[in-house]
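Take a look at the structures below.
Both complexes shown next keep subunit A, but they swap its partner, so subunit B is in the first and subunit C is in the second.
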Partner chain A sequence: MSGIVEQQIHRDPALFYWILLPITVVMILTGILRHYLSTLLTSTPKKQTVAKLREQRSLMHAQQLRGNFHPISKAAFEKRKEAFIEGVKDSKFLADPGAKGQKPNPLQDPAMMDGMMGMMKGQVAMMVPQSLIMGWINAFFSGYVIMKLPFPLTPQFKQMLQAGVGTRDLDVRWVSSLSWYFLTLFGLQPVYNFILGSNNAASQMAQQMQMGQMGAGAVNPMAGAEDMDKVFNAEAENLEVVEHWYVLNGVEDRLLAKVGKF
Partner chain B sequence: MIDEKELAIHPIVPDSVQHNARIVSNIRALTASLFGVAAGTLGLESLPGFIFYFFGTAIVSFFIYSLKADSKAESYFFSPMGDLWAGDMFGGLMSFVLTWTLFYGLCKA
Partner chain C sequence: MAASFLQPPTGSSPQTAIHLSQGAASFLKSQRSAFTLPWPLTLFLNTDSQEKWAIYENTLLACLRTGDFDSAHVALNAMIDRFGKTNDRVVAMAGLYQEATADDKKELEEILEGYDDILKEDPTVFSIQKRRAALLKSMGRTAEAVTAVSALLELSPTDAEAWAELSDLYFSQGLLEQSIHCLEEVLVVVPNAWNMHAKLGEVTYIAANRTEAAGEQSKLLAESMRRFCRSVELCDDYLRGYYGLKLATTQLLTSLPTQKKSQQSDLPPIASVQKLNELATAKLANILRRSSSGEKGWDGYSAAELAAVRQLLDKDTQKIQR
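Take a look at the complex of A and B:
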């Protein structure tokens, strides 16, 4: 019977001014706060010693050479390749040639500790406001419905979205303030984009996605904890097997084919 | 698939790709919010609301194609089918639901 007759609840219009509006404003302001907090907390990378820097740059140089070999001629490529392999054999690039073959301890390296501290700060800046706001909403605005969703949900959501209401037959579409919190949590990203510019750190969702990507191995804070000699040898091997071709090969034919139509 | 040589002769600049993607996603976010306002004010519920959203995004896609990309989608997008038409279809869905719920709550319920 109750399935046919639509449930109607008359609510005070003041609910809008005293609940929906404050939650929305608080969410937007927290996003802005988080953005500036993470901007402030980003520590500038420490200066490294010349030897360490040379080690990193020469490895990067080899990687770039492997990726972009086609704009240089075969002779130039061979020359660069030989120079790099030669250098690896003499361990010319290593920051500490004496420490060859030992696996360094990541916890002793102050640079590693710095990286981990940065990640911790990011996590804290993300988690603290989230739990604070959830606690705030639960403390002040729980126990009554404030709005009706325009789309139906399955009864599993009842537990979460009608927390503290305690009416068994109430349609799931009537939800309490916590669900408005979730909606703003997911939907405010464009608002931050317009306020703060597009690469902001305001949204928790975007940040969590970034974290996931970092875990996949893009920027691994432990990357420095490997034996650099092995890394260089692997890179030299990779460079050795590159099959070189030159982008200007046959450029005349291409040009003629392009211009010859006229 | 485009082979390596072709890519070296006609390189794809990541900055430009990112710029285009950002412009498109900005347009989508803004229009999705406005569609949410419209759907909520009209009092659409459940399925008609979502159909309204998808219809609206299709129209926006068409406008991006004809106005922003000068009807030459392949010179602005790496893969026009994925980046312009199909992709980003769900990008604005959350902001649509947000404004839809808000205005539905204000006007109807």
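Take a look at the complex of A and C:
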């Protein structure tokens, strides 16, 4: 008995020229289009006002002091701590000392609205070409088997490779046009990297990934809209409880132990 | 050290800078004469990269440093074409170019006024704030420069570069305590910067030499010695660190035995100071020997620093001979 007989399907070579190639080229072109579209649509982030910037950086400074207190002596640390706590008490760092105690509405913040608009624009630039091409492929090429992979695969890949072709017994190696669309959709990132440089906005997978991160980070701008006075007070409390140690204590013994055998 | 276009020439030696600027003309020419496609096809090719513009920037700096203003002008124009006249970085570069090509004091004043105008419009352009402070400093108006940097730090207290600059300005005015404070701020931002630890050690050492009271002096010396220890703990074979360590320990060894027992609680024991002194001497001699024989991996030290080490070690041996 001979081995498993390979399925033979005679394909019209025109399938290659009129389906496989067009889909690939169109996908690459839309990627490039998307890249330039998103470069056009991204608005430069608005500059922060001086007071807001100062507020943020002061908070960051206090956080750094809390994290990196060890290279400075206890006296120096205490001095800075006192200065910060004093400043918080006088609400010296706040961008808007008058608005103390009110919780600002994130939706009324123009900066927030800008951010949301930017996100919407990105979404539109992604969704429109994607749905258009999907419709195009469905209308013209649905149901074609257009190529055969040169290597065997397990049947689990059937769903992935033969979308839109409802034959149960077809070998997994045959790829339908719709599946080819999906494959190019997900797999063209290296091609874009080659054409457009590595920080392009062509691949929508990368964009979606970014969106996901935004989703996680979206808490952040909301948190920024918190009552800053409270944030500063919390930071002051955190600084208050820091137990100071000095990295220079005993450094000579450490050094001698490390390189003393020299 | 091999000259690389990708390293900023500010920290490098004059030889590297001149090497870079000699290569600048041919580099800029190669960028310009490159074959370009007609318009719609250019959309498919992207020649922009971080490295390319880093090279432009470094070329500009090197050319300004060596006085090759033509090449600098070409590089600057390329950057203006790409990023626009209002880009923060480009504005600072353009300002730097103007400063370098200014002929007399009057022109510098005009540039300064230009900076003031920009800052009046938008006070958050940090690059111009820094340029302004640097220009004031180089015009000899140190007090005004201090005010400028302080204002910048008031706005953005997390800027290590600015803190270091302020420390330098205070130091040049002899205000050591303020200088130390600023260096401590730098360390809060970048806690593991060994060069900053050494720098702080140096300033503390100078402050120690200036104080009269013997007890206070030994305390400062010990502090300075520990700073140098931390510096070489973070970075093996750091020449400045060991140099300072040797200076501080030598002085401590002369002053420590005269201290009363009651004052010695904070001070290190003489034995370990002695050991540290020996360690520093041995390390310095090692660095000197290896780098002067051109051993591989030991050739990064600056010639001036090595000469200083040789002098220090020679002084030591003379003392022993006597």
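One rule holds in what follows: the second predicted complex is superposed on the first by the 182 of 262 C-alpha atoms of A that agree within 3 Å, B and C clash if a C-alpha of one lies under 4 Å from a C-alpha of the other, contacts with A are read in each partner's own complex, and residues count from 1 in each chain.
Definition applied: a residue touches a chain if its C-beta (ideal position, glycine included) is under 8 Å from a C-beta of that chain, and two chains touch if they have at least 3 such contacts.
Please read these numbers as outputs of a predicted model, since none were measured by experiment.
Asker: With both complexes overlaid on chain A, does A:Pro190 touch subunit B (first), subunit C (second), both or neither?
Answerer: First partner only.
Asker: After lining up the shared chain so the two structures overlap, which partner does A:Lys92 touch, if you call subunit B first and subunit C second: first, second, both or neither?
Answerer: Touch partners of A:Lys92: none, neither subunit B nor subunit C.
Asker: Once the shared chain is lined up, is A:Leu53 touching subunit B (first), subunit C (second), both, or neither of them?
Answerer: The answer is second: A:Leu53 touches subunit C but not subunit B.
Asker: Where does A:His244 make contact in the superposed view: on subunit B (first), on subunit C (second), on both, or on neither?
Answerer: Touch partners of A:His244: none, neither subunit B nor subunit C.
Asker: Using the touch definition from the top, say if A:His61 reaches subunit B (first), subunit C (second), both or neither.
Answerer: The answer is second: A:His61 touches subunit C but not subunit B.
Asker: Considering only touches as defined above, state whether A:Lys121 meets subunit B (first), subunit C (second), both or neither.
Answerer: Neither: A:Lys121 stays clear of subunit B and subunit C.
Asker: Let me test your reading of the model: by the given contact rule, A:Pro152 touches which partner, first (subunit B), second (subunit C), both or neither?
Answerer: first
Asker: Does subunit A have more residues touched by subunit B or by subunit C?
Answerer: Higher number of touched subunit A residues: C.
Asker: Could you look at A:His70 and tell me whether it touches subunit B, subunit C, both or neither (first, second, both, neither)?
Answerer: both
Asker: Name the residues of subunit A shared by its contacts with subunit B and its contacts with subunit C.
Answerer: Residues 70-71, 247, 254, which sit in both footprints.
Asker: In the complex, go through subunit A and note every residue touching subunit B.
Answerer: Listed in rising order, the residues are 9, 16, 20, 70-71, 146-152, 180, 183-184, 186-191, 193-194, 198, 245, 247, 254.
Asker: In their shared complex, at which residues does subunit A touch subunit C?
Answerer: My answer: residues 32, 36, 47-50, 53-54, 57-58, 60-61, 64-65, 68-73, 76, 80, 195-197, 200, 247-248, 251-256, 258-260, 262.
Asker: For subunit B, which residues are in contact with subunit A within the complex?
Answerer: 5, 8-9, 22, 26, 29-30, 32-33, 39-40, 44-46, 49-50, 92, 94-95, 97-102, 104-106, 108-109
Asker: Considering only the defined contacts, which subunit C positions touch subunit A in the complex?
Answerer: Those in contact with subunit A are residues 43-46, 48-49, 122-124, 154-158, 181, 184, 187-189, 191, 197, 223, 225-227, 229-230, 232-233, 236, 268, 272-273, 275-276, 279, 282-283.
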